[in-house]
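Letters A, B, C and D mark the chains in the order given here, with residues in each chain numbered from 1 onward.
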Amino acid sequence: MNRQARQLFPESDATLSARLQRVRATSEAICAPLTAEDHVIQSMPDVSPPKWHLAHVSWFFEAFLLRPYLPNYRTPEPLYDHLFNSYYQTHGTPFPRAERGLLSRPTVAEVLAYRAHVDRCLGELLAAPPAAHAEEIARRIELGMHHEQQHQELLLMDIKHILAQNPLRPAYRSDLPAQPCRPAAEATWHAYPSGLYEIGHSGAGFAFDCERPRHRVFLDAFRLASRPVINGEYLAFILDGGYARSELWLADGWTTVGQCDWTAPLYWRHDEDGWHELTLGGPRPLDLHAPVCHLSFFEADAYASWAGARLPSEAEWEVAAQDAPLSGNFYDSGFLQPIAADVTAEREGPLQLFGDVWEWTASAYRPYPGFRALPGSLGEYNGKFMSGQMVLRGGCCATPAEHIRSTYRNFFYPHMRWPFTGLRLAREA
Amino acid sequence: MNRQARQLFPESDATLSARLQRVRATSEAICAPLTAEDHVIQSMPDVSPPKWHLAHVSWFFEAFLLRPYLPNYRTPEPLYDHLFNSYYQTHGTPFPRAERGLLSRPTVAEVLAYRAHVDRCLGELLAAPPAAHAEEIARRIELGMHHEQQHQELLLMDIKHILAQNPLRPAYRSDLPAQPCRPAAEATWHAYPSGLYEIGHSGAGFAFDCERPRHRVFLDAFRLASRPVINGEYLAFILDGGYARSELWLADGWTTVGQCDWTAPLYWRHDEDGWHELTLGGPRPLDLHAPVCHLSFFEADAYASWAGARLPSEAEWEVAAQDAPLSGNFYDSGFLQPIAADVTAEREGPLQLFGDVWEWTASAYRPYPGFRALPGSLGEYNGKFMSGQMVLRGGCCATPAEHIRSTYRNFFYPHMRWPFTGLRLAREA
Amino acid sequence: MNRQARQLFPESDATLSARLQRVRATSEAICAPLTAEDHVIQSMPDVSPPKWHLAHVSWFFEAFLLRPYLPNYRTPEPLYDHLFNSYYQTHGTPFPRAERGLLSRPTVAEVLAYRAHVDRCLGELLAAPPAAHAEEIARRIELGMHHEQQHQELLLMDIKHILAQNPLRPAYRSDLPAQPCRPAAEATWHAYPSGLYEIGHSGAGFAFDCERPRHRVFLDAFRLASRPVINGEYLAFILDGGYARSELWLADGWTTVGQCDWTAPLYWRHDEDGWHELTLGGPRPLDLHAPVCHLSFFEADAYASWAGARLPSEAEWEVAAQDAPLSGNFYDSGFLQPIAADVTAEREGPLQLFGDVWEWTASAYRPYPGFRALPGSLGEYNGKFMSGQMVLRGGCCATPAEHIRSTYRNFFYPHMRWPFTGLRLAREA
Amino acid sequence: MNRQARQLFPESDATLSARLQRVRATSEAICAPLTAEDHVIQSMPDVSPPKWHLAHVSWFFEAFLLRPYLPNYRTPEPLYDHLFNSYYQTHGTPFPRAERGLLSRPTVAEVLAYRAHVDRCLGELLAAPPAAHAEEIARRIELGMHHEQQHQELLLMDIKHILAQNPLRPAYRSDLPAQPCRPAAEATWHAYPSGLYEIGHSGAGFAFDCERPRHRVFLDAFRLASRPVINGEYLAFILDGGYARSELWLADGWTTVGQCDWTAPLYWRHDEDGWHELTLGGPRPLDLHAPVCHLSFFEADAYASWAGARLPSEAEWEVAAQDAPLSGNFYDSGFLQPIAADVTAEREGPLQLFGDVWEWTASAYRPYPGFRALPGSLGEYNGKFMSGQMVLRGGCCATPAEHIRSTYRNFFYPHMRWPFTGLRLAREA
């Protein structure tokens, strides 16, 4: 790398390369416990086969770094540009999403070879980035790593969903640590005064375009619960007829409950031994003290109505989280399941804002005032999804720790519940 | 009416009765040009047969006024409480919405008899309201009138859609006034400074629960176009390949364009004579100076992207509209079609904020901070629809003039385009 | 009419005209008890609005007689050729079948005017048929009358289905005669020896192309039940768990039972007073002695399996019916509902082969050996429907008496049950 | 095996065991060229994943031989009885057919272990069959072998369909022999006189229940083409607008053409080099002399109409095939693709009745007179599918040679075209 490029890189090339290798290795580590057969399944259109994820995140580097910037780059297979393009309409024609599970080829071994090929070429590129593009290359490498981390969480969500279809009830891993068996603290309310606040990302670190620009919002005084809603509380909602009382539900939610026959969160099962929950470690008795997980927005909203509260707006959530330490039960802690917080560690402010479960907010996923999408095809990354979806905040037990921020905006459609999604209550002051 | 009740009424009972009669008569006047057969059709699940509308708005008075407050009230047909309940789950079981077009009975004549019966009983109730409930009765009469006015607009939307299915191209009325043939003014920008504003309804007049409470919002500086986008401008978007350029569209919009084969607004037809528009007065050549109408949110958003602008938020719109005169091309003007504004009348501020076309905003329809739904079944009126829909503002050429306010929040799903919907551009300052 | 044409006509022109008028009048008489609103409804894609039937049968005469043979014929509305073409692909483009219920225009009055216009023009044509075409004209008039009679039965089936959707339970006619309350005879078996038989139509009278040619079939010895299965017998099947025992059902039938939640014939309802049946005269207590009606082929087949028998083939049925008198409970008897046979009238051979209920046979609707469709567009009348459907024989209580023959082949898909369909058992000898 | 059992076996136990082993080995040989990933895909509901086939045919032996007859039999996994039950409703609850592609477990290795377990246990059973059941055991072994052979053909059909979804166009095997490049003979007509014939199976050899009993049929004189329709002839139909001429099609066929956008047989592709056909050996230029393949019944019927002919009935086909040698281009020949017949070998009678392509007949799949299904759950094997499907005759290039007979009745729904299906013309004499 020449001197000029070196200066443009926000970190040394060695560090960037090392981080890239670490991120890339993590994806493969996540898939290591899977059989070849597990890699092929698409259990619903929203889910992608694990080997598709492994290939797609590599395609992202190929399409946006190797093709434009590595001289004489040659792809091992031109059709991969079609097969592994997720949704970039301005970059060719994506293979139909709902048909990803029809592709037995490339095999897992061939996908891993493709990954190795891309890694090798990225190494070449990083070793000698063209000076004119060094800054953009670094930016895109950064973006590509965050993109791959998003897919690491998607991999874990999708693997859970795939294995859950199977009556044999296979566990993803049988060596996961047991959940700590400890009581959750009573929920209390933290109060925030009305006033002008700032939310959104600014400054040097990485953030997606949708987190920008930082801007002012006026908030009425509000209160936020000290922790997420837990399984025991949600069970009380169920036992109180929550799924049968239309007055608690949004109209679209009530329709969905009827059409899908929902009577409990996804992955909950009731049998003669009581309530169980399917986890990545296999079926387990329901831990009443752990945050409730795998709820749709509709269920989160209905629960809040039942509890005489509401969901926080994303601005309220971010204001509360701005000063909270960026720690929690993430992918890195190894549980891969929400757990009750350790309440012995005294701390100011709400607990578990980060990690455990994504928290549904009351806010529709829409652009911030002054939002500008990335230029070119990368502009399709976030902006075009800004209709019909709701914002979630805080990351979960499947999110890589270094992937999350207080300004991070995740988003899903309100009926979706295969992500690790839960809720925290808010109220007027 | 005894003295106490009289005081509770915000207006004299005579005035209220007179207004009620006028509102009720308008619904029947709207349906007068229809044949009995026209009253029966449900052209898509979103549309209701005209006679269903006529009965449902009467049921609303029956369910929420006559049954609870008129002593010894007897319905002419107990099953009407099932057939004409639209969506009040806490008030019995509504007849399935998509099957309203399967009901030939009650006939139009029977529905009109039902209306007369309800009117008679409302007369009795207003003549001697029980003192303990007089205030609530007045409130509900007011709500019932606004409800019926909403359905008057729905009737016109639905009649237009029903007749449009028919290759015989029947006109709703052949005696509608010709559209004034005048050029639209060039669009200019009105600038608004950043700052804390207030939006939402407060005070004495009628407003729906969703318009409350009045509350503060912080807005960055913005600019708003001086008039809605017109057909000629939208045609330029079409001719520039607007419907074929994925980069202009939200992802869900792009999917919808493909699934529905959209290439122009609803009711536009291109034949050898050029572009035509189906109107309530039959097919007419497209008036390039009239506001573009019958757009989905997706189309409005794509147009704004193409134009290098964006949609205003509902707060921006309301701030701009707070001081504008509440006049425009409404139902009462008799055109039943958007028309170019009369620009000879000098005026400050944006034109045509009210009337002509509902303007899609950038805001999802969500509760205001501190929102409280009405108590009881009437709480289902608005609150439960606060997911998945977008806010529209300003009323249209089918809205009764006295029904609209600057705080009025209309809402539709982003793919819908059978209402009289258009757009106005906004930009950062 | 000149001398030559007169000779070509199989009956005097006066007689033909009189028959035509009688047939045409019957269609209008069937619709007379309906409101204008009833005429508009399409309760499922298989059903057509009554006014569509009234118009379509007139269009048939217009398309196949007036347009080709009446000099200077002018249609009142060219688009009717599109709207009322049912399925003649070689004669323009039929309006989509499933959208017939979206057409409020032409109104009932306009349809009746269209009928009068067609009748007037047919009168002109019959008064002076072009000599060169007189024979073909007579043939087509005959076909048109039989076509209209088919639609008379369809009208009654469709009216029954339309009114049955309505929770108000309107009766088509409240003046229908009461069903005779008499016991059905015990079912016995009639035996037929093996041998070569002939089936199919030959000779002079009218028959559809699909009934031709008469041809030889070899039949093994078989037995045929002396009467159709009756409600009481079918109720025993239900009470014996018939709808829950997969082993009795064809695979496609079992799937249909599950998807449609069938637990009884269409129009049966069980309430606190026991079993009721919706009839054209309104709801009535189930008559255990009347032939069971409104069964799908799947139900008929499952019942036969349960009873240790089978359905007869169409050849077996026709062999048994060849010598039976062409009398029974048809439209003309006025019951419009199957009734128990009068067993006091002594007679050889099986009873009720004609009238009451169409009897599902074991035979798929396929061409006879040597089948030739009519030439031209009329060839689409029958031949193209010869896949996926099953043959039914004998006519029903809604069939005009003069429309039926022992060679008559009716056909429906095996899941359909809105026609007046029942069954008769057969066995090996 | 004791003496008594030995006598009951129609062949020596050694021979039966040897045949069983050969049949079982063939299934595994068919799957040998597949990757693990290929085994998992279900490309449409009609297709099953290859590993599902491998497991299901083993389950058949487990369910109908090992469980009832092998003392103390233990299954390796009780849930396999659910997962690999195809459609035997009276034997537990089959796993939903359309979800077979959601099962990554058991893996291919586990399925092969299951197969080895079943083979081992079958060996035990055959070594010492309980005397009381020896005959039934031999019958069921025979049935199980024929069942597995059916699935061998299904495997090849399904593998072809699975790989065809993949834009990478993987070949099943790249070592398949080239198709012989030789011209087809001109088609001529073979004439058969009218008369009483016998069809159906009788006597000692194996046949499915649906082929029985042998019975008399009367046939009018007919002619049968000397060979199947070939690609070149079918191409002429296409070029003559065959797919755009409604008058050639059955109504359901015409609807299907429109809904599925059919313009050629399945697996045909037109590119700049002309017509190609996807084969199990990869894409190949269309051989104009080979029998046309992968047609639906609807296409076969439309072609016959276009050619001024018709399809033969199954009785006509069987009469013509009764004396033909049971040889042809089967699975065993190794082409796995229809090929032009070798016309140098002089022979009486129609060619290629066996092998190459299944020939659609004009006959619906219905029970023969006197048909009796097997007792118990095995009665679900054939009988319950006797509605809505059409009979095909003669086997194809993927059928094991020893699996076919002149009385063999294959059946598919009329829209299906992923089997190796073609046609032969017939006419009246």
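We take it that a contact is a pair of C-beta atoms (placed from the backbone, for glycine too) under 8 Å apart; a residue touches a chain by one contact, two chains touch by 3 or more.
Values in this document were obtained by computation on a predicted structure and should not be read as measured data.
J.: Which chains make contact with chain C and with chain D at once?
T.: Of all the chains present, none is in contact with both chain C and chain D.
J.: Tell me which chains count as touching both chain A and chain B.
T.: none
J.: Which chain has its C-alpha centroid at the greatest distance from the C-alpha centroid of chain A?
T.: In terms of C-alpha centroids, the chain at the greatest distance from chain A is C.
J.: With chain centres taken as the means of their Cα atoms, state the distance from chain B to chain C in Å.
T.: Distance between chain centres, rounded to whole Å: 47 Å.
J.: Could you work out how far the Cα centre of chain A sits from that of chain C, in whole Å?
T.: Averaging C-alpha atoms per chain gives centres 60 Å apart.
J.: Which chain C residues touch at least two other chains?
T.: Within chain C, no residue touches at least two other chains.
J.: Please classify the inter-chain touch graph. Allowed labels: line, ring, star, complete, other.
T.: Chain contacts: single closed ring, each chain with exactly two partners.
J.: With touch defined as at the start, can you tell me which chain A residues reach chain B in the complex?
T.: 87, 89-90, 196, 215-220, 222, 246-247, 249-254, 297-298, 301, 310, 313, 362-364, 366-367, 369-370, 379-380, 384-388, 390, 414, 428
J.: Could you list, by residue number, the parts of chain B that touch chain C in their complex?
T.: 35-41, 43, 51, 77, 79, 82-83, 95, 99, 101-108, 162-163, 165-168, 170
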